[in-house]
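Just so it is clear, A, B, C and D label the chains in written order, and each chain counts residues from 1 on its own.
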Amino acid sequence: MLIIMQPQANENSIEKVIKFVEKQGFTAHISKGEIQTVIGCVGGKTIDKRNIELLDGVREVVKITTGYKLASRTFKPLDTVIEVKNAKFGGKYTGIIAGPCTIESEKQMEEAAEKLASIGVKTIRGGAFKPRTSPYSFQGMGEDGLKIIKKVADKYNLAVISEIMEISQIPLMLKYCDILQVGARNMQNFNLLKELGLINKPILIKRGLSATIEEWLMSAEYVLSGGNSQVMLCERGIRTFEPMTRNTLDLSAIPVVKKISHLPVLVDPSHATGLRDKVAPMSMAAVAAGCDGLEIEVHPHPECAICDGAQSLTPDDFCKLYGDIVKIADIVEKEVK
Amino acid sequence: MLIIMQPQANENSIEKVIKFVEKQGFTAHISKGEIQTVIGCVGGKTIDKRNIELLDGVREVVKITTGYKLASRTFKPLDTVIEVKNAKFGGKYTGIIAGPCTIESEKQMEEAAEKLASIGVKTIRGGAFKPRTSPYSFQGMGEDGLKIIKKVADKYNLAVISEIMEISQIPLMLKYCDILQVGARNMQNFNLLKELGLINKPILIKRGLSATIEEWLMSAEYVLSGGNSQVMLCERGIRTFEPMTRNTLDLSAIPVVKKISHLPVLVDPSHATGLRDKVAPMSMAAVAAGCDGLEIEVHPHPECAICDGAQSLTPDDFCKLYGDIVKIADIVEKEVK
Amino acid sequence: MLIIMQPQANENSIEKVIKFVEKQGFTAHISKGEIQTVIGCVGGKTIDKRNIELLDGVREVVKITTGYKLASRTFKPLDTVIEVKNAKFGGKYTGIIAGPCTIESEKQMEEAAEKLASIGVKTIRGGAFKPRTSPYSFQGMGEDGLKIIKKVADKYNLAVISEIMEISQIPLMLKYCDILQVGARNMQNFNLLKELGLINKPILIKRGLSATIEEWLMSAEYVLSGGNSQVMLCERGIRTFEPMTRNTLDLSAIPVVKKISHLPVLVDPSHATGLRDKVAPMSMAAVAAGCDGLEIEVHPHPECAICDGAQSLTPDDFCKLYGDIVKIADIVEKEVK
Amino acid sequence: MLIIMQPQANENSIEKVIKFVEKQGFTAHISKGEIQTVIGCVGGKTIDKRNIELLDGVREVVKITTGYKLASRTFKPLDTVIEVKNAKFGGKYTGIIAGPCTIESEKQMEEAAEKLASIGVKTIRGGAFKPRTSPYSFQGMGEDGLKIIKKVADKYNLAVISEIMEISQIPLMLKYCDILQVGARNMQNFNLLKELGLINKPILIKRGLSATIEEWLMSAEYVLSGGNSQVMLCERGIRTFEPMTRNTLDLSAIPVVKKISHLPVLVDPSHATGLRDKVAPMSMAAVAAGCDGLEIEVHPHPECAICDGAQSLTPDDFCKLYGDIVKIADIVEKEVK
């Protein structure tokens, strides 16, 4: 931590600042420049830098360490690769997750699984517990839905990913799912994240609608610090002023995160754009930008979908897209899994 | 719901749209204008309007009902007033909540309660479970903290408000608190909101960092629809591009919400700005804008606070501010409680 | 400027960085800490800090001087007070500007001026050149409008403020106006700002829709550095994700700017909210937060206004508001002018 | 325009609304539904919908026509293709613009032009007038710079694009440039746009930092409505809360704009991200998403660049990227020009 004093700060102010940080356990190194004094602080506990910024004569406090440690590339220089059944995410692999937004019936999931498996998909998605903005909307099939997705996934040898909304659902999710998804609205549900740090299945953490990349990595840190090293991140659009898409897909997050972290970064173009005809171009763009996976909504009959049909691809559209994805992945030296 | 067809939409497209909505249980009323056809839809279930927007020839779908019902002024024209011990929020009352960010010790809380009560405050705040961005930060005193806040509140006849982070904490919170606070990060923790709809203590719902006012009211609707009519809203800053304040306090939300909803709207200037010297001007502005209450962080010794000391007022600063608030409240015909 | 090296940066990297900055004219002061090396740089020319951040081994570069100098309180500790005819802005004065969005006719302006003067207003506004999003909208009366506003202002002894859109309009504006307003969309029209630095009438600079406070002060710096010291700032809402108001009025900007700059800060609640019934609460909030002035749209017959009638107050509404503003100003120790 | 009345609106209110719109020249078509009345309005002049929304009993007003006409695909269904010398933008062509941020010297431009031409680039960029946030920064070489870029472009048979900042520069720009660029900060400099509508060289309009897609198209409409049909759009990042990139590149804007408009959409990944190592992934992503062109900063010696060196590619990096772009363009059935 560096404390930059104001140019006009006097000796008295400087001494008070030093006493303050030493009281917090830091060792202070003073460097008097021609214009202003800078105090470097080493050791000490985590501190709210605003506490120092409010002291007399202080201009600014700069933290020179990141809040996340286990999630950083400094800690682990090599890419984390997550393998689940035949799927692989991270490193040289681009894993494709596809399936309906919501599990509606065995017929629907059977049809989806059969098509997706035939195209080459290795992980199927489907929600059993649905976070809905309105209390009056359909809230998901619950365990009955989980039974269905597991049954069809087993039949076609697919891995299962589904969203967990709450700590009490953990045992249920572990029974039926291979990857547990934390939704955007739960990205900072810290109690849930702590519990997910104690299990040993991969966790996919969606980026919150207004979460900075640093906060997103801090949420990953919650899981990692509990002992679960299998964490994947998924960009799904951030909230901006632009109304023509549901959210603004922040594809720059891919190279940004991959530089500072070893964790796989996926992209969900379906929720980000909210519109079927934007899903293919954004999927291809994400792969071209180097993402480690995609999560795409595909429904056998989008026009009848209970939820988010408008952003679901038909199996035929998805099949065409899958072919293009494989070609682009090849250019960026990735293998689709 | 109104479906506005494109100017060039043909008869065939129009018929397909009508069939589609009738299948969903709507009655369609067609109105052919000189330029384009508009189809009014009555009855029917909740529907994702994008499903219709994707049909051929459709230009736009406009919902003409709000998602929230119980939270709207149409449903309940008169202001909801919430009374807890001697505190009152809503209608002609501006309730003041004050206290430290975090419960740290009995000594700290005793000192805070004594000062606040002497100034005239009727509700004390203090966190026992702290949502922290970093897993390595102090996470709160838990039940020990709740015992302390209840003890000092009882001594000075204050109401207690504290933040609940998770369903399993409900029984504990009910034992020690008069008002349960849902934090900004949990504003869309729908499972938690549903459970809070089943209790009969007031719930204060903070606005999420990137929540629209409509989403905020939908979260209130979750609690109201469970049967708990004692809901208060609290604006605490939204996330924008401006880095000089922690968040951007959206004071316009006060008159906006008060026009469309009967629920009390409070303001938390401490978290919004994140800086002590901005708390007084923003508190006074909030009262001038007609808010129904304030939640202000006050710490007997901010420089020693474990958490958010930088945004906490000293008791003396708060005392001065309280006097100014009373004067401004008088101008907008409100009574401070 | 401080260059913070990465913990693992080696001697070679450090030397390269030092050579680089010395080549740019800086003197480097090296401070080797236990964890990492920090290089303080003094002197040297303005430099893009990213150029250094891209060098090997560099973690972060922190600028420790602000870009604005003449606009800062360090340069001029006392409040700038701007006096125009009977109006005063800044210091202990809260100046009120009122009038229609657009100059429409002499009858309209005469009626407006007569009412406003009788209430106590000392500065009248009215647009002659209108920046409109659509090329098909009314673009203003031009010089004919300026003649009208000057005529009625002279009759009632009011100062005139009007918006300048373009360098070529300067001579015209100087002839008819006492204060020249730079609109939000022109806040970074640097060529225009430079020219306005050469005149000696007050300039009011509206904050751009997505301008940070620092950028806003840099725009003021353009005018100040040209030699014109009479600059006022006006907050008028920033663009956020919230759709229920036209923009989000950032009232925290008042105490933030007043701490770091000596320039007067005004607020335009009319453009910020875009809705008449939000103007009064936001005006009162702005005064309570300590603003140095307000710019409010008032139209003798808002329902017939060519432009922005929806956000214009009637003279009666404004009269009531003016009375409340005077009372609140008194509480914050300001005098309404 | 549709006026949706509130459910409880009475006959009196409805009649007043009808009278109001008829006075503005509209013909009203009343449609009384079971729940509420909807009034369709045809004809009439451009109107601020808030004026109607403020009338008693009105719930919402929905405009059913767009503000832009000439820019829309309804007006011109086929893609506009812009050809300048050997470059092509739009339709099946992806035009590549490359070159330094700022023209610094003939040596620099000669070196850049020689390398770029050898790689296959057909349009060179370089700024002669620089919009700088600080009045103390380098403001460009002016006409001397334009002479240099024209000279080297002629030698290598390249088209020239450069930024115009102000109406008075038009004659100069026309003399030396093939394409005139309107910067993000000038996107709503309506006077400038109007003048650019009167010339007959292509105009590239960068998206403002906080401009919605609709506003961006309205700016294009200003140029188109003046008679200049050669307009290109360029996405260059929007302002959001995320600090890790300079701006957030909104690649979804590509498919969104291409659906509603016939104009070519380019992408500037250099200004959007502000960081050299993010330029290649974002360029490839933009091409995969179907953009009609790229504008990339390339400097023969980025480490010595006067301006924005941190976001400039070296010629070698650019050469590698160019090869990848050609391959991805092929997958999306575009030809690089």
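By definition in this document, a residue touches a chain if its C-beta (ideal position, glycine included) is under 8 Å from a C-beta of that chain, and two chains touch if they have at least 3 such contacts.
This one's a predicted model, so the numbers in the text were calculated from it and none came from an experiment.
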If you tally the C-beta contacts, which comes out ahead, A-B or B-D? A-B
Among all other chains, pick the one whose mean CA position is farthest from the mean CA position of chain B. D
Between chain A and chain B, the Cα-mean centres are separated in Å by 26
In whole angstrom, how far does the Cα centroid of chain B sit from the Cα centroid of chain D? 38
Among all residues of chain C, which ones touch two or more of the remaining chains? 210, 239-241, 243
Give the list of chain B residues in touch with chain C in this complex. 210, 212-214, 238, 240-245, 248-256, 259, 272-273, 277-278, 281-282, 284-290, 324, 327-328, 331-332
Can you name the residues of chain B that touch chain A in the complex? 46, 48, 50-51, 53-54, 67, 131-137, 165-168, 185-186, 188-194, 208-210, 215, 218, 221-222, 225-226, 239, 274-276, 303, 305, 307-311
Would you pull the chain C residues touching chain A in the complex into a rising list? 2, 4, 6-8, 27, 29, 31, 33-36, 38, 40, 42, 59-60, 62, 64-65, 74, 239-241, 243
